[in-house]
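The structure appears below as structure tokens.
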Amino acid sequence: MSQYILKIDCSDQKGLIYKISDLIYQNNLNIEKNSEFVDEESGKFFFRARIAGNLDIEEIKEGLQVLLPQDAHIYLGVRRAKNVVLMATKESHCLGDILLKNHSGELNANIQAVVSNHDSLRSLVEKFDIPYFYVSAQNLEREAHEEKVLTLLNEFNPDFIVLAKYMRILTPNFVKPYNGKIINIHHSFLPAFIGANPYKQAHKRGVKIIGATAHFVNNDLDEGPIIAQDVIHINHEMSWKDMQRAGRNVEKVVLSNAIDLAFEDRIFVNNNKTIIF
Amino acid sequence: MSQYILKIDCSDQKGLIYKISDLIYQNNLNIEKNSEFVDEESGKFFFRARIAGNLDIEEIKEGLQVLLPQDAHIYLGVRRAKNVVLMATKESHCLGDILLKNHSGELNANIQAVVSNHDSLRSLVEKFDIPYFYVSAQNLEREAHEEKVLTLLNEFNPDFIVLAKYMRILTPNFVKPYNGKIINIHHSFLPAFIGANPYKQAHKRGVKIIGATAHFVNNDLDEGPIIAQDVIHINHEMSWKDMQRAGRNVEKVVLSNAIDLAFEDRIFVNNNKTIIF
Amino acid sequence: MSQYILKIDCSDQKGLIYKISDLIYQNNLNIEKNSEFVDEESGKFFFRARIAGNLDIEEIKEGLQVLLPQDAHIYLGVRRAKNVVLMATKESHCLGDILLKNHSGELNANIQAVVSNHDSLRSLVEKFDIPYFYVSAQNLEREAHEEKVLTLLNEFNPDFIVLAKYMRILTPNFVKPYNGKIINIHHSFLPAFIGANPYKQAHKRGVKIIGATAHFVNNDLDEGPIIAQDVIHINHEMSWKDMQRAGRNVEKVVLSNAIDLAFEDRIFVNNNKTIIF
Amino acid sequence: MSQYILKIDCSDQKGLIYKISDLIYQNNLNIEKNSEFVDEESGKFFFRARIAGNLDIEEIKEGLQVLLPQDAHIYLGVRRAKNVVLMATKESHCLGDILLKNHSGELNANIQAVVSNHDSLRSLVEKFDIPYFYVSAQNLEREAHEEKVLTLLNEFNPDFIVLAKYMRILTPNFVKPYNGKIINIHHSFLPAFIGANPYKQAHKRGVKIIGATAHFVNNDLDEGPIIAQDVIHINHEMSWKDMQRAGRNVEKVVLSNAIDLAFEDRIFVNNNKTIIF
């Protein structure tokens, strides 16, 4: 007996839960856990279930397609560890945290590779026997560099790309083939302090909290759907470097929480927002 | 068309959601929102739905009773403001916060009365045109005092009794007729600092956080099912009186959140824990 | 024997603490508590002490002026309850919270009046026997309305003006005479969601935290020195009205904390930031 | 020119700051940063300063000894990276976090060794080229095992011993020679859930927050002076294993914050509490 994840989103109408649970019941499957949400603004219905039993994925999907509104998106797949490529630049705290969790068996993922535009994290990554690919951006146009990275990524065909402090802006050309699959950690409580050096910006503005935001990457810098956020309190004694140091703990925890949610298929994107079950 | 709240708990079995949603669908009702949870430890199923439509409460309940396991508890009622009696002693912050919310129309409740073992909060309460009953405990055995309070409460037959810093311990005799209906705010993050003067205890222990806990009252002091908790960070400069002062903000917010949940029928009690939808 | 508050800021140099503590010691005064901070960026020294003893304010200030750098600002005053005018528009949660704290003797202030551009909070305010002044803005230019409010304020000559959800933008003409004395609560974690209806903005952006910011008012909307900030976690189920409702608890606590700090003379403004002892 | 840390605690009396700052000023030294606190309950004065200049440690200490009350404890030392031995059992999250911070140069310490009662963390530790000592407790009385560990520790003579999830109870015999130098992370918000398996206890009690506490180890289990604490919110869906998993993020951050404070000599112990500058 296997476990499956079923995710549905469609326009809302009366009886959707009845129809879905009817089909699952008639197929002698067991819903171990389910969540649903209707977004009244967009009139959309979101449903996620963890199902146990023996099933034919295509058959169930076809059955659901008949019952549900025409605009339904249906995902049904075996519950499994996701394939993931990590990308980073020079800072090691987020990357190292993920590598450690992976090493101790806590990460529900298969880390295929680490890709970086610098070579400085190689020694850390290779300690954990993960392939490290250094793709220098020197003397390359942004598009040319991205092409090289994309070629590499395509070999791995990852379920998710995690930007664990990858400090280069991605072009729409890069994002497009991995839409909804690239997760970034930004070192501020967005939408505050978009762009470069948020800790310096935060220090300059004199805020009393700093934070971090994990989000899906879309075509607009730091504007993608937010998955997780958290903050810590700071005080006037802290320089921007102190903030950066303290903020790293928040960054790695927020990113860790976000990728756990993603790897368990617990996130829906609704326009520019996330629904998280 | 009215709104109803349906709450069900019963032993878990396959197809419960199908059976419930089937009955609701066949009666041409609309589930506006629903949540369910299976507690694997106790093997119990919990379900709450907000339903819109025209229905006969007894008929639906009987229909569900037939479909569901024999141990099912089914609550179905019109969504309405709850009747509430507040009890307090001398401190005004929690009581005043509730009175203010009620005054501004933010509280989904009808405050029937305030009952106190002191007369000192009368002027505050009467500003808001709420009846104030002073039931002195002087020269009375605990049981005799409770009898007087119970007699008064029974006249109001409240849905909930909110202990907004009522500083007397309640006996099982008092609790029994209002089991699951009495909500207390305790000024510590339980189970730390049970009993008298938790801020003094916290100061003595040198903790770096203090907090508050809202819980249902049962027969064991500060041991009832927890509804909501929160904390704030403190430091060595704070005396226990400073902690008390800072803690009041947490107390009133935690109690406010807990009663909102209770007044919306969003809480189940499972053994000594709460499930909150 | 009285208590005094001494606040000094000046350019930093070696021996400042020695010089200050020497003078205090020679005058047979006792420093009950003191804090200092050197901002390395601006090269400025900040010092605050609570002093007990019998002293001649002018004499001590003159003594300090001789010892300290020429750019020193020296404040020395008896520790006393501040005179405060509250301003509000229609929402009662922040105003009511302050009135309640004042009623229970927890506020270190003397509330002189409440001024509003609407009449709707009169009944609440008058319950607490505080004078209520309704200064309608109808059919008035912004400047003309502000003139009427200023005339009223000048009669009271308050130490602080607290904008407890006063929803009108203030012009430089209004701010100037009360520079560093006007405290506002903004319903977002600034600098996110400046301007109108931050909860709607937050809902639209799909953030996972919302918050509040208390700050001194200067000439730029929502850009003044930040005194206190806090946030709460939210989720996709919340409409912007749910956020507003939950956010009110944060707003009132953040404002309450900020005015406590101000009323105890614990805040310095350094360029556009605050230093808080 | 070097940096020094000066820490003083003694019974409070008038003029202490004057006397200390006078001596420092007369020696042509510069106080870069200082903090002081008087605990009114115990009547004790605490002072910490970061001093820059050229000084003779013994001379300054003697000078201070003459000026200060007889019960004064004076610490004066060059600001330097501390020597640290880490101890752990089987869980890697706290240990790994410290090793990562050390690897990236963020830890103000020299990690001399990792000591464990199991061999399972060896591969992780050796990745980072830190000596790993496996001291099995099998077939040994507690005292005999501790003797073997103590002999090892004494070779290193560490400034601090960090128990990064070392799951054995220490006897007074072990604690005594390292009094005030052993820092432990406990996986609950103490004093709640003292002893074994706090996450199971928390799950059973049905709390809505879980947390972690870093504290100095003394002779009473989980009763030592608390350095840092933090919590996260949880809900009814979480099993105790989910809590454990989520709690690990809190544990490692709280421990990280506590050791940063210790390694910078920012902690005083006052009876069973800490004062943190």
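In order of appearance the chains are A, B, C and D, and numbering begins at 1 in each one.
As a working rule, a contact is a pair of C-beta atoms (placed from the backbone, for glycine too) under 8 Å apart; a residue touches a chain by one contact, two chains touch by 3 or more.
What you are looking at is a predicted structure, and each value in this text was computed from that prediction instead of being measured.
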Classification of the chain C:chain D interface as same or different, half of numbers criterion: same
Which of A-C and A-D has more C-beta contact pairs: A-C
Distance between the centres, which are taken as Cα means, of chain C and chain A, whole angstrom: 41
Averaged-CA centre spacing for the pair chain D and chain A, given as whole angstrom: 36
Set of chain A residues in contact with two or more other chains: none
Residues of chain D touching chain C in the complex: 14-15, 17-18, 21-22, 24-25, 30-36, 38, 233
List of chain D residues in touch with chain B within their complex: 37, 39-41, 189-193, 205-209, 211, 225-231, 235-237, 239, 270, 272-276
Of all residues in chain C, those that touch chain B in their complex: 91-93, 96-97, 100-101, 103-104, 106, 124, 127-128, 245, 248-249, 253, 256-257
